[in-house]
Amino acid sequence: MTKTIVSDGSLPNIPWEPRPAGSSDIVWRFSKNPVIPRHASPTADSIYNSAVVPFKGGFAGVFRCDDRARNMTLRVGKSRDGVNFEISDNRLEFHSEEPEIGKFLEGYDPRVVPLDGRYYVIWCNNYHGYTIGLGWTEDFEHFNQLENVFLPFNRNGVLFPRKIGGEYLMMSRPSYAGHTPFGDIFISHSKDLTYWGKHRHVMGPKKDGGLVNWQMTKIGAGPYPIETREGWLLFYHGVLTTCNGFTYSMGAALLDLEKPWQVRYRTRPYLLTPETLYENVGNTQNVLFPCAALTDSDSGRIALYYGAADTCTGMAFCQVDELLDYLKNNSDV
Amino acid sequence: MTKTIVSDGSLPNIPWEPRPAGSSDIVWRFSKNPVIPRHASPTADSIYNSAVVPFKGGFAGVFRCDDRARNMTLRVGKSRDGVNFEISDNRLEFHSEEPEIGKFLEGYDPRVVPLDGRYYVIWCNNYHGYTIGLGWTEDFEHFNQLENVFLPFNRNGVLFPRKIGGEYLMMSRPSYAGHTPFGDIFISHSKDLTYWGKHRHVMGPKKDGGLVNWQMTKIGAGPYPIETREGWLLFYHGVLTTCNGFTYSMGAALLDLEKPWQVRYRTRPYLLTPETLYENVGNTQNVLFPCAALTDSDSGRIALYYGAADTCTGMAFCQVDELLDYLKNNSDV
Amino acid sequence: MTKTIVSDGSLPNIPWEPRPAGSSDIVWRFSKNPVIPRHASPTADSIYNSAVVPFKGGFAGVFRCDDRARNMTLRVGKSRDGVNFEISDNRLEFHSEEPEIGKFLEGYDPRVVPLDGRYYVIWCNNYHGYTIGLGWTEDFEHFNQLENVFLPFNRNGVLFPRKIGGEYLMMSRPSYAGHTPFGDIFISHSKDLTYWGKHRHVMGPKKDGGLVNWQMTKIGAGPYPIETREGWLLFYHGVLTTCNGFTYSMGAALLDLEKPWQVRYRTRPYLLTPETLYENVGNTQNVLFPCAALTDSDSGRIALYYGAADTCTGMAFCQVDELLDYLKNNSDV
Amino acid sequence: MTKTIVSDGSLPNIPWEPRPAGSSDIVWRFSKNPVIPRHASPTADSIYNSAVVPFKGGFAGVFRCDDRARNMTLRVGKSRDGVNFEISDNRLEFHSEEPEIGKFLEGYDPRVVPLDGRYYVIWCNNYHGYTIGLGWTEDFEHFNQLENVFLPFNRNGVLFPRKIGGEYLMMSRPSYAGHTPFGDIFISHSKDLTYWGKHRHVMGPKKDGGLVNWQMTKIGAGPYPIETREGWLLFYHGVLTTCNGFTYSMGAALLDLEKPWQVRYRTRPYLLTPETLYENVGNTQNVLFPCAALTDSDSGRIALYYGAADTCTGMAFCQVDELLDYLKNNSDV
Amino acid sequence: MTKTIVSDGSLPNIPWEPRPAGSSDIVWRFSKNPVIPRHASPTADSIYNSAVVPFKGGFAGVFRCDDRARNMTLRVGKSRDGVNFEISDNRLEFHSEEPEIGKFLEGYDPRVVPLDGRYYVIWCNNYHGYTIGLGWTEDFEHFNQLENVFLPFNRNGVLFPRKIGGEYLMMSRPSYAGHTPFGDIFISHSKDLTYWGKHRHVMGPKKDGGLVNWQMTKIGAGPYPIETREGWLLFYHGVLTTCNGFTYSMGAALLDLEKPWQVRYRTRPYLLTPETLYENVGNTQNVLFPCAALTDSDSGRIALYYGAADTCTGMAFCQVDELLDYLKNNSDV
Amino acid sequence: MTKTIVSDGSLPNIPWEPRPAGSSDIVWRFSKNPVIPRHASPTADSIYNSAVVPFKGGFAGVFRCDDRARNMTLRVGKSRDGVNFEISDNRLEFHSEEPEIGKFLEGYDPRVVPLDGRYYVIWCNNYHGYTIGLGWTEDFEHFNQLENVFLPFNRNGVLFPRKIGGEYLMMSRPSYAGHTPFGDIFISHSKDLTYWGKHRHVMGPKKDGGLVNWQMTKIGAGPYPIETREGWLLFYHGVLTTCNGFTYSMGAALLDLEKPWQVRYRTRPYLLTPETLYENVGNTQNVLFPCAALTDSDSGRIALYYGAADTCTGMAFCQVDELLDYLKNNSDV
């Protein structure tokens, strides 16, 4: 039988837990959540919105660890099973020969994308305003910093895991200096990861004639897109503004394989919304923010990592075929 | 002995639980709260701010059910005992012959009022802005929509359960396009439920020379008013703005029987404020929002339904005579 | 030849000045502007946004006169020629037997509509918030106040000059407590001028996919609609928000004769925008706000009165057939 | 051996609990938290942000008790052990012969400072805006009110526990009418506690080139400063603004003994941040607000009282020498 | 006959121009306005909101001169006739031995008050926020700086021209970091001009049940109070907020001689409002801001200096007895 | 003698008027201002913020013409003398083969830069938010559109008139969706005008420890930089926020020739600020916005074009050597 997931191949040791009995949810939470508690490192205030990839038979990742000054830092974490992580007590440092961009001040909401034999790290960097930082590692020990991708203000940069039409593609969400009340996803192109252009609008918050919905304030790309036979499967977050603040939930979209700024399907309902104590209570209540997904093309399993309440890290699971069916049947582009 | 409650008569099967030992609270929570959890229907994100009435020996109601897109819908629910409800998995639809108003887009914060042999449904409707929708049913299966009561922007429409001076009376709270930072209660008159006029101001937030209090930002009518020998007993919500958002609590007022825009008493303290985990944590923290009250004139019992944290539904109880005594002794009009 | 203007008949003494040589403007300013300067009454700070009708062979009107405390009052003004006005030094008072609404606190932006042998006055009244006040006079000396038309918050109430389908029709613009950044025009119905219902949306600001235009923030009805053979001709104001405040310009629309909430044409360009010193400088810079129009069905002449810079009153002229042609050829509904 | 703490002397019955096994925290929470629950008095909505001092072999204090109208009142509390408190059911009243300042309307966030044989009470008072109220008691039964210290708007007034250079010193944080988004600490001088001058800036929020940190929005003094051999030890709160509101954490600074507006050290990391359910959930989520500290110069023990979530009162402990070491090694002035 | 003006005595060379023919205004503008144009000094962007006193047979003053960087500086100006001024091209510098307050960064809206043989200068100073600076000169060449009067944020400090009850009195208007939307006048006491206390509320903006008026947003003291037989005559500015910004007008109040925080009369109408081109157009449109008054007790003449449009300086005149009559007959405390 | 201006060579017919007698201003206004009035084209509401270059012995340009719907369009204008312009009555259209970017919706604040034999047009374009549009023409009749330079939100894109280090350089000012209250100038690099990277921060608003100054809110590049022997001479606008809105003035900076993100000098005072009636009054009061400069290397003359009050176009003149001297002597980087 043809496999649905094209990218990244077999991952027999993908973390996994079957859907709970009695549940009909398409995406379900891990019973051991939060898998990474806020003090997994004693120097950490919180560990969340983080990126995990398979690495040397186990797993490695770049984690957003706010330290006890609440400075936003990136740190390396490693795991044998993808569930129990050892998080470094020290912040990750990038090497760069360009002195101006080499001032690595803040890092948050990282993604890690394997491509061309490297692990590219994309994060929200501070260069006279928040913008998209870009670097790479081969060993999760030495990290090299490239030029910042865009001008400020920008967030949620996510690189596609392969070139399309001979060019690199980067999703991002143009933004504002503070807690931004708007946000659309765009795709930009590059031949060399330094110069970017041909910006294309992908999708924005769902306006729906003013009807309240979970993704009406802003949206942003989550894990790097998963290539399937039917298109790029993108998990993304959407934000609703209540009278007491923002609520971050997760949905999914299916993007055209060749022109991924063309959205084929997009979930009208959310897939997950904050409703456990560790998602509703913490540094920022009511935040569920996905940043990484592991896939096993053999079984069609997907394991998601998401930040909970800007405090800790949870996991959730789904089956790719079930998800694609649901997406097609509950879509509203 | 003369009964205090005039309206609605005997309801021997009113849901009830006595005051907990050791408590001196005038209104006390049900120990089984939340009686309706957020996923009582599998297609619901949350069920709250809802209206229940006695119906055919049991109970029926119209519920605010945000679905998993967080669209705000109304649904029918039924119950034998007033505590365990079966909530429809589908949204309630209204029938209307006027094409323009028949576009029923959103419904939230419903009230149900028995009057003239019908069950009138009043809700927050979206017609180029939020305003007061009006409809009716006789069987909780077929619902007819009438003309919208007011121009936008308005919320918390509550019909009186009988005509006064030959006219229908509707309470409402003129409002704003978004999360409104003000709100007074008015009463409007109608001879036919279509044309409304003679608008009278009832009461506003308590300014108190700028002193902080639980009802200083805005207020809104809750369940339809209970006719007592001493006046219309109105439960209402009041809102306080903290540095981290709105807090919704519940108080009560006694309105003049003939000119109900004249407030005779009004609780200076709240009767209930969010202090349980299901009221403090959820879709919107710190919300306790009453929408329905059952009464038994024989026993003087009152059973209240209220939305908790914009997520689930709780119940609370009180005795009408105790409440009226408290209201008179703790009033500050 | 058939006359275009249906309502109000002949007015041979309509104020008039032909289009200046070399101009191709559809609506042109009076060379004697501002016809009513700010201190036309020594007790006035400013006289603007005012309503004029033919009266006993001359002209009479209700004027917004802010006094030297900047309290917003209404005053009577009279004129032989429609250009030179004598403005009363004292505020107009309404008589009402209903004590609560009889507290006439503030009045601004009046319109005067002849109907059923009376002159109805509609203004922005303050009853626990700004709403639409309604009264009438037969002699411009005694004024009677009726019930307020709507709940707060509302502005720019304009009555149609005849019943349609046996009912009175009132335009209005639901609003906010302060300087409102939004505003759509609605029509409401009444059989008796006391009870109002059947609210219909007419039109809103022009969103145009976010493109900047002169009417993108809010709009509001100006003079009472002029009945023509092709529909109700409505002059209205539209507001643009610059980085330094609001700019009020004037456009026109043609509404269906029977269902006037259906807009047949609407000017994409403005007809007049503030560009003279008396429109650009004053109490509020960059305001041009029409409130009254005189028509002569014989000549097709229209004479407009408009407030300038919230300070004084100007006039402008047009020919109905030219205007309708322009409207049809420059429309964007 | 020389004792580090200079002020207040021995307090052998200081409340105390050793650091939990396995913890390396410099300041640790009491396992019996919250020691004062919100309903410790049946007339209280909440009890927090309060001041405790040793008194007659036990402990006494002035507590912020919001009543069930959410009015902000002060009340007296007493305790034998510093942990179990009896809170008065009635609000504390001040005596004053100056009629205008004698209108004691609101009281919140009190501090109590022993000085010259009296217990001075400093609180946030309402005199045409929030400012610093000042009074004193000798017996915690009769309270005398002095002149307000400053003009509005001001908060977090904290008196030094002895004169310096022959003058009283008062810290305060100039503020705004509402929920203020800024705030620096100043020191002012007085010879007589009535007239104040020679205002000196101490420190402000940490700007850090725009880097996010726990004290970036505003700061305010907590308990009255503890005199040590190395300087005045000041616990203070700092505020971070998230997309869902303010987060209040606690840090410490060491001020020069003679010129305490000169900051010698200041913790770059926080010492405590809200992370328990009673700190994260309540009337205002994510608030940890210290107002009092007991010290025992013999053992070097410090016991802190802090408000949690604007709802209840918790305690925490530390050792002065450990704290000073940490402060010096983790300082960023 | 008894003279009405008590303070400052004869000033036969007071600048003066009689009321224009046909005018009934109580305060009238000088026909030579603006007497000080914006470029009276070639290094000035603008000269306004300034203070003039009689000096050595002529006149001297401290002027707000924004330079061409728009930095707010103070400069000395001198005049023989009080109308034609020579403005220094350089900023005034204060001498102070206290190094911290000696950093004179910004100065605006100065007042000059003769008292005890000195000329005290009060201005809006910047010491970690805007507050009230205080200094003095005897010769308008050397200026000495005293301690700042209050903590930030404060503006419009005005010293009384003699001690009352043995104490100095200072008016001020507590304020905010930016363009403040509120403001009341207070009086504070001092024995030595260094330490200040006994703060008393004088008056605030006129709320008037929400009615629009010229002084509804904020108010602030203007020239130093003029002692008359009937009380302290205070000219002050009041601010109205339109949809396009603030409008500053001028009114007057009569304060009790012994307890000047008790307001005996206060003009309900304004006395002057911006209505000339030099008041309506400039750096900030619609600003008329009085800072100084000359008086001649023999003739009862008062000559006012006011800033116009934050750009230049105008003068206006009135007769004290006419003004007091008007004040009493048009008062609304 | 060596010429100071390197770029663009001789322009003997540069528009010119000598400095007025008695003036010492470095930059002076043209006595015929506004050279292009708002209705120079009968279909224009206003003509301002526009770009002029020498073309075929005369002058051509791209003008911001808001039409009478206040839509923001670009139009071509031509002139023999650089002073009297013929402005097209129709909007300029771009040709593009990429369908998505070819939707040319809005255009404002254009610059025109001669480079490589083409005239490049850079403007503020609307592609799901305002960003930098790029196109070119050779004949001012046919215009070709290239890819948008950056993601939204961005404004004030200005191309350097030659490559540096083999790369094109573009200045821009990252921005916000609305009237942005911040703004820094950056430089980005490109090898092909399609892909852009290596973003460098040039300079931001002048913070100056919070001192008020003319460029404290935001800044943006004006005409394309003029190459001089001492560096790139950049005219730019700076914005000050008053209580009644933004004020736009003009200053200048000298950038390093090889690394133009290094600022060598920057005027502390403004060079021009709005102070004529055509700059202070109009569509947006108090705006002076330079977009183009002509230079004659022989005479050192510079002629500037600037938008006035978002309404019309003015000119000003200076001598390059005088300006550079002034810049060096009045600089504050």
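Going in written order, the chains are labelled A, B, C, D, E and F, and every chain counts its residues from 1.
Assume a contact is a pair of C-beta atoms (placed from the backbone, for glycine too) under 8 Å apart; a residue touches a chain by one contact, two chains touch by 3 or more.
Here the structure is a predicted model, which is why all the values come from computation and not from measurement.
Visitor: According to the touch definition, list the chains common to the neighbour sets of chain B and chain D.
Guide: The shared contacts of chain B and chain D, listed by label, come to A.
Visitor: Can you give the whole-Å distance between the Cα centres of chain A and chain F?
Guide: 40
Visitor: How big is the gap, in whole Å, between where the Cα atoms of chain A centre and where those of chain E centre?
Guide: The computed centroid separation for chain A versus chain E comes out at 60 Å.
Visitor: Averaging over Cα atoms per chain, report the distance between chain A and chain C in Å.
Guide: It comes to 55 Å between the two C-alpha centres.
Visitor: Going by the contact rule already set, what residues in chain D reach two or more other chains?
Guide: Only 244-245, 281, 285-286 qualify.
Visitor: Between which chains does touch occur?
Guide: According to the stated criterion, the contacting chain pairs are A-B, A-D, A-F, B-C, B-D, C-E, C-F, D-E, E-F.
Visitor: Residues of chain A touching chain F in their complex?
Guide: 100, 127-129, 131, 147-154, 172, 174, 176-177, 182, 184, 186, 188-191, 194-201, 204
Visitor: Flag every residue of chain A that touches chain D in the complex, lowest number first.
Guide: 38, 42, 45, 67-72, 105-106, 126, 179, 244-246, 281-286, 310
Visitor: Which of the residues in chain C end up touching chain F in this complex?
Guide: 24, 209-214, 240-245, 247, 249, 268-270, 273, 275, 277, 280-281, 285-286
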